[in-house]
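Take a look at the structures below.
Below, chain A partners chain B and then partners chain C, in two separate complexes.
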Partner chain A sequence: MLRYTLTRIGQAVLVLLVMTVLLFLLINLMPGDPVDNMLEGNPSLTAASAAQIRELYGAGVPLPVRYWNWITAAVQGDFGYSSIYFRPVAEVLGPALGQTLKLMVATLVLSVPLALLLGSLASLRPGGLMDNLISFFAFASISLPNFWLSLILIIVFAVQLGWLPASGTPLETNPPIWLEVRHLVLPVLVLTMFFVGPLVRYVRASMIETLSSDFVRTARSKGLSEPQIIIRHALRNALIPMVTVLALGFGGLFSGSLVVETIFGVLGMGKMIFDAIRYVDFNLALIGLLLATLVTLISNLLADLAYAWLDPRISLK
Partner chain B sequence: MSMNQAEIAGLPSAPRQTIWQLRRRRFLKNKPAVIALGFLVVLAVLCGVAYPLGQFLGVDPATTNLLYRFQPPSTEHWLGTDELGRDVLLRLMYGGQVSLAVGILGTLLTAIIGITVGLWAGFVGGRIDAFLMRATDCVIALPMTPVLIVLGAVDLGKLGLAPAMANSPLVIFLRIVIIIALVDWTTIARLTRAETIAVRQKEYVKAAQVSGARRFYNMMVHVLPNITTPITVAMTLSVGRIILFESTLSFLGFGIVPPTPTWGNMLTNAQQLIISAPALAVYPGLLIFLTVMSVNFVGDGIRIAFDPRSKS
Partner chain C sequence: MMIAAPASVAEIQDAHSQASGAATPLLRVQDLTIAFPAAVGREAEVVSSISYEIGAGEALGVVGESGCGKTMTSLALMGLLPPAAQVDGAIWFDGRDLTKLSARAWRSHRGRDAAMVFQEPMTAMNPVMRVGDQIAEVLVRHEGMSKRDGFSRAVQLLASVHIPSPERRAQDYPHQLSGGMRQRAMIAMALACRPKLLVADEPTTALDVTVQAQILDLMLELQEQHGTAIQFISHNLAVVSEIAHRIMVMYSGRIVEYASVGDLFANPLHPYTQGLIKTLPEMGQPGSDLYTIPGTIGGKRPPGCRFSNRCPLADAGCRQAEPALREVAPRHYVACHKVN
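Right after this comes the complex of A and B.
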């Protein structure tokens, strides 16, 4: 197990290194360069100071050297300066990450029980009315464009009914918890709808398989009640591989929240990355993307490890 | 005259049918899939007649008329006009052409990349396999949406393309297809590799190898035709996913850019109009939703119909 873990971590680190190169190249292919943007925003900059800034940013230095300078600084915790927030990138990242994590946690807390409930209900009678309805719901969840669902929810709940705010961030500087929660209801709802579909399908398939296994038949013949069989025997077994699915989905959720954060104006990682790309903030975009990659990598890694740990039959090769 | 054993013996024989007849029968039994397929056919035809309909109504979807904004449905503008006075119905139809075209072309390109990588990795094995699979891992680790946006923001000028060409509608269209294929090929590659490894061990492939079949010939003639079923299913499902990617990118302003209408970019401005004209936010998204849902139902139908183990 230890060896397997170390190998997988080693692989993940290698992938991360390759990603830094890939993302660095990509970011450098974005239009314009940071100094041009600065000159546009501030016409009083003299040619001399522009040249100075250019030198500071390392313009004219060949790409491999620039990459080396950037990566050595980044490893030491120096992520550079954000040109849209006028603050060090590290300072911008913290609050944004916190905000995104709030969304993620709320979505997980909501969608996991929902998926368990719907998935088990559907598995009770495959092909029945309940199963068909729930499968339809799962298909809808997979097929819904989340930006459109956001718009529709805003129209219905914020504009027409006026029940909930249309933005994800309260205007007050230090909002009370309940206010913050109210603002996060719609974004979390959209993310849950986005996240729950594949989970439901997974729980359903896994439960159908488990319910037809021998130990469930034994439990039935012992005379256990149906709820007891389902909750204590079947669901617990079906849950094991669920951990992997959840971990794998987490990376997707993190990246999918970009759209939701942008529409609702939640000041999280997704919106930060989007703004950084839109306003050509090279340093911020680069670190933001790298962090998002790291989240995906770590969740994939955890998925693999959890799978091997929970199911000893997996060969650790 | 040929007679089979059953006829000679005078026994009732099972109706003979090819695998495709069987699959078609099983597919047609699946009501949601059939309805979804019907919807897609109708939709494709409707989008296809956008030009003649515009001619018939005497309406040009690109003409803006600021004195004629937010018109309710009329005999001239069947779904009314948008925030620039353009005909909503015709723009939806042209947008549908783009969305469907991106979905289909993107899937084809995705499949070409995925099958090439998967077949090569699975059949050759060894170091090449290890290298290709690590590369696949790298792409899978990419955060999908943010990376698509960066790719959408890439300045083609820096890649040596003339500005006039980089901004032509055709190049913008092709670039969406290409960038989506660049991140979406991994599913098909992994699937193809797994299937290839399973088929590689089969006697007929070994026999061909021993008889001196070249590696490429063997891959194309003996392996690929025998793994088409799961690939077909995966491709159908990826059409829906790609349409979603395209519409999301276009909505965010990094995909197909106006004035070319797509269902995604028709929603870009809808956020400002949700109070004055909420209907404008409903139609394009509803079409994306119904289309992707239908594609997924058809894909699921194909999966069930093609899988001999599944109960019909």
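Right after this comes the complex of A and C.
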């Protein structure tokens, strides 16, 4: 188990290294020159100082050398300077990462138990009233556009009822926790709604399959009650395939909540990566994208470990 | 002709026989009919008005091809029929009619009064739960044992079905056991609460022939020890004859012949039973072709006798009226127009 984990970590590092090369190449293929961008915004800059800046940023140096310079600095914790925030990348990334983690954790804590509950309930009588209602909710969750739902929720809860703030981040510096929670309610609601639909469908399908399996019939023949059969026998087995779905969703949630972050004014990873690419902030975009890669790798590793923990038939060697 | 007795009459009879001290059989199935809402191209009635008995400690073998209704009959005894099934008739077990049980009463019946062993030991156990825990679960449910006591009892039970190193096996997960061992563990689970009736649905079919013999030996041994009544279902007449006292041959949802093992083999009366016995390969006759009964059981039932479209003796009369199950010799019943 330990050896397996170490091997997997080794592989993850390798994948991450390959990704640095790919991302570095891709970022450098992007149209637009960062120094040109800087000069554009500052007409008083002279040609001489422009050349100086170019040299400072290493514009004339060949690509492999630039990559080498960047990667050696990066492994030492120097991620460079963000050209749109005029601050070191690490300082910009920290708060964005914090915001995204808050959104992600709250969304997962809400949507996973909700999906298990709704999916299981729907599976008890496929085609029944409960199943139809839950399936309707799930399809609504899958089909409703994020931005539309966000706007509707803002109109109803922030504008008309005035119960909740329309933005995802409080204006105050060092706000109290309850205030932060109030601001997170709407964006987390939208993300949960977005995340929970497919999960419900997977749980339902997986539970229907498990409930018709032989060992559930055996559990019934022992005289166990339905809740015992469902929780002790069916759910754990039905959960095993769910792990993959969750791991995939994890990566998507990390960098994919751009729309929600934009509407609610949350400066999270999605919005930060998007801005960095849009305004040709090489350093920020590189580290942001690498972080997204890292999260996907880690969630996949955790998924494999969870598999072995849930299913004794899988032994990790 | 077995005339459908109204439930009230059956109850009076039952009360009467109990009051007079006459031996009431442990299980008495009366005019049991199991039907499903008709699906296209399938018969709605999978079991049609069958009646039989199992005495305490008796082993009844149920034989027939796939689709004859033998599995549905056994599921009915456990209350495990699919929810869509419509059940008519009565199943008297130990003085009460199982068809009238509430969901709660069914749960205390299952596993305690009657237990079941299934065909596929590979899939019949929960893959993510230790074997010992799965056995202990029945004891915790019905005997009110603690989990820990249930587990140590499970180890004893595994030993009683001759599983080597039972302490270690109880800690194992099902996939770590061989097919034969898993079926032994299933039997240990079924017998954990000393049920009065064990329903075994093709318990040896999925196993190797040598393992099959071991499991049959084990079931015989346990039956002698505990006096458990058994309903043993199989498509294999030879396997059933190893364990059963009486045999019930089913065809297309009906009982066609019902007799003691000796009578059935010495004097098979129904053409279907005769066909089944002929299909048994004989030892020491190399090169002889295996006998098959022509046709298959599926499809639309013919009018009259349900076997008439495959029967070598069938005539016009057979295609008109369904034959009733008659007692033609003491405790030897057959349903065929051609038997006098």
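We adopt the following convention: the second predicted complex is superposed on the first by the 289 of 317 C-alpha atoms of A that agree within 3 Å, B and C clash if a C-alpha of one lies under 4 Å from a C-alpha of the other, contacts with A are read in each partner's own complex, and residues count from 1 in each chain.
By definition in this document, a residue touches a chain if its C-beta (ideal position, glycine included) is under 8 Å from a C-beta of that chain, and two chains touch if they have at least 3 such contacts.
Everything numeric in this text was worked out from a predicted model, so none of it was measured.
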Here chain A is shared; do chain B and chain C fit on it together or clash?
fit
Going by the contact rule set out at the top, does A:152 touch chain B (first), chain C (second), both, or neither?
first
Quick one: classify A:168 as touching chain B (first), chain C (second), both or neither.
neither
Going by the contact rule set out at the top, does A:296 touch chain B (first), chain C (second), both, or neither?
first
Where does A:80 make contact in the superposed view: on chain B (first), on chain C (second), on both, or on neither?
neither
Touching A:258, do we find chain B (first), chain C (second), both, or neither?
first
Between chain B and chain C, point out the one touching more chain A residues.
B
What is the contact status of A:213 with respect to chain B (first) and chain C (second): first, second, both, or neither?
second
Examine A:197 and indicate which partner it touches, taking first as chain B and second as chain C; both and neither are also allowed.
neither
Tell me the contact category for A:310 with respect to chain B and chain C: first, second, both or neither.
second
Could you state the shortest Cα distance, in Å, between chain B and chain C after the structures are superposed?
10
Which of the residues in chain C end up touching chain A in this complex?
78, 80, 106-112, 115-116, 118, 120, 123-129, 137-138, 141-142, 173, 175, 186, 189
Considering only the defined contacts, which chain A positions touch chain C in the complex?
213-215, 217-225, 232-233, 236-237, 240, 310-313
Okay, in this complex, where on chain A does chain B touch?
11, 14-15, 18-19, 22-23, 26-32, 136, 139-140, 142-149, 151-152, 154-155, 159, 251-252, 254-256, 258-259, 262-263, 270, 273-274, 277-278, 285, 288-289, 292-293, 295-297, 300
Quick one: in the complex, what on chain B touches chain A?
32, 134, 137-138, 140-147, 149-151, 153-155, 157-159, 240, 244, 247-248, 251-254, 264, 267, 270-271, 274-275, 278, 281-282, 284-286, 288-289, 292-293, 296-297, 300
